[in-house]
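The structures considered in this document are given below.
Presented sequentially are two complexes of subunit A, the first with subunit B as partner and the second with subunit C.
So, the complex of A and B:
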């Protein structure tokens, strides 16, 4: 087995001479940080972007005119320290949410949008956006955006809203 | 799973449309894969099929507010309910599974359940008397 020991040793020494531990740690950290954006790490991060995101998007996600916001009613998280897909630091994404469909002007297809609220801080106050397309009165709560959707979070203080693509709707 | 249990897909049903309708009309509260949210939203995954073990339970599934007051037309609602049961709760279904018919759904929807939480528990306890697996789920008896 000496030949195996020798081969392993020379191979290890060769790798050690060409690489540094710091370089390895740096690459590992990059993989972990990059992975966090696509792999849900916490149980509350259920509403991740679908595996088939829209083919292309145009517009400004901090503008109320942005296509995903067609049925939104709230403050845009992109103006509050978060983004259209993520909550600002110090807030928690509500797993229970209000869902609508919006047409992407780039491909004229309808996408299913999950408007998960970010909760745990008082109202953000920036970029209030009320487009309300498809919104129904409170007596139809599952399709009403006027209720506080901070449900299932540790705090029910509403801070801002995200607009996450969760799928492609049918063309009707 | 459905095929393994000898269940056949419902004729004329569009599974893709049912899945999209689930996402738009149910998923916001019942969450992806119908897992529910403990204490707030009932879990349907691995559970909803139990209701079909009694006629009252079967009717309850259509009479609960979320189903009965949905904006979906009767045919698409029927398709969605059958898809949901076969996709997420095939193991809990009685044999043979009799899918909901459009006429059945249309007749039950107007008869809205007024006290879903109380009625739900009453129906489930009744079914659990003859169904040990449900009794274990409800923690009425120990799972051993």
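So, the complex of A and C:
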């Protein structure tokens, strides 16, 4: 079943990144600044954003193996009528979320990914994907993918998860 | 013609009267105390979360249909805890007035173990944390008088409910900390993001009487402590990502953090603990952990292929149980001949003799979809 597929995929994946205190601070800074595009980013992220074009993309955004999904746990919105950075029709994007730090194979740079959930409908049920690189327990919620992040939305019903690039990660 | 019809009616009545009609309206009940090998499978219904179930099964039975004892509904990743002193189960649930939308209502539902029916509820602040189910989202303290429910909005707090009086008492802020680990008296601890424990002692009224905080004692970056502890004798044994154990004595109102010890020792192969509900204990003090080899960053939720059994007091491994299929969650029954039960990657439940490690049977075909969490009956 799909559940099993997601589990076993995560079990065979090579991991490139390691967590460090500096890495964590970088990720924390991003989540404190807010993941949604409507919320201002911290200066460090903003400067990166202004000087660099969006990252190149390579791979299938509906595959769990896609580079942006390194810390995701949920249904991929690209399989649910949305895309890797947009919600399906009739849903509402959570303004707060958890983040991951994923390496883009195009430029081998690490990017901060905001996994905003799309909310207001029941589970999409398609393309369940669980990867846990940099995921941490519930006592560090900003990097925990075990949480339903449909918070601050009109409904807390979880539908699917996006993977939005919000900045480049600080050097490890 | 009328005569003929009358005769036919009389004959029909006579035939009808020869069969004793079965009574209608019979509804089964369960015993107040459940046999030690009954289990509760929490099917969180990940693909339609408002329809979760707590399914009661007899893990001893090879009767595929007869081992199914009934179930309780558990809406939207409900969190539950069993009382030991009363035939009750407490379940924190979330409902919305229009299904996937509408006004949100959180409740603590009180179920009667004999009828599997709700016998009461307490409305909670609509703040309870919606996360993958754990043992520590809902716990009981104060001789099972008070229920504690972890909230995340993302502000972190704990709701306090008097389950005897069926009354909401208080909301206790626990900023920067998560979950609720029961302690002696009216106290609980939460794990904090800086690697410390926050402890809150409640007063008679359920309000915070005092609080304290340990020094940070684990490395949140390089070897984070998991929030999934095996509990025995009031001691929580927390595994870390890399396979160390932090024993924390929660019997008093101040946690006592013991020296960490390694589960791995000189074992080769990159073994690490992993899974969803990866830790369990039995009544003799043995601790059980789901383990996988070739561990790496991000493997801490991978299914386990073995269960390693430790003597928590001696800090030494007792046995290794090779699983017939990799598993994501485990539990152990609380009797002298304990069963190890495991949700395998096919979302069935494998039953093992916890002492010998022998695989006894697989519980499938019980209407389950995603039985993410297992509990032994009390």
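The rule is short, and it goes like this: the second predicted complex is superposed on the first by the 117 of 172 C-alpha atoms of A that agree within 3 Å, B and C clash if a C-alpha of one lies under 4 Å from a C-alpha of the other, contacts with A are read in each partner's own complex, and residues count from 1 in each chain.
Everything below uses one rule, namely that contacts are C-beta pairs under 8 Å (C-beta built on N, C-alpha and C of every residue); 3 or more make two chains touch, one makes a residue touch a chain.
Since the structure is predicted, the reported quantities are computational estimates derived from the model, not experimental observations.
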Discussion item. Tell me the contact category for A:151 with respect to subunit B and subunit C: first, second, both or neither.
Written reply: both
Worksheet item: When the two structures are overlaid on chain A, which partner does A:112 contact: first (subunit B), second (subunit C), both, or neither?
Response: first
Worksheet item: Where does A:140 make contact in the superposed view: on subunit B (first), on subunit C (second), on both, or on neither?
Response: both
Item to complete: For A:121, decide between first (touching subunit B), second (touching subunit C), both and neither.
Response: second
Practice prompt. Name the contact category of A:96: first (subunit B only), second (subunit C only), both, or neither.
Written response: both
Practice prompt. Please work out whether A:131 is in contact with subunit B alone, subunit C alone, both, or neither, and reply first, second, both or neither.
Written response: second
Worksheet item: So which one touches more of the residues on subunit A, subunit B or subunit C?
Response: C
Discussion item. Let me check the overlay on chain A: which residues of subunit A are in contact with subunit B and also with subunit C?
Written reply: 96, 136, 140, 151
Worksheet item: In the complex of these two chains, what residues of subunit A are touching subunit B?
Response: 46-47, 95-101, 112, 114, 136, 140, 142-143, 151-152, 166-170
Worksheet entry | subunit C partner contacts - residues on subunit A that touch it in the complex | 1, 3-4, 7-8, 10-11, 13, 15, 17-21, 24, 70-71, 96, 120-123, 125, 128, 130-141, 144, 146-148, 150-151, 154-158
Worksheet, complete the sentence: The subunit B residues in contact with subunit A across the complex are 16-17, 20, 23-25, 27-29, 31-32, 37, 40-41, 66, 69-71
Fill in: Parts of subunit C lying in touch with subunit A, wherever the complex brings them together
46-50, 76-77, 94, 96, 99-102, 104, 129-132, 134, 152-154, 156, 177-179, 190-193, 220-222, 224-227, 292, 296-303, 328, 345-347, 370
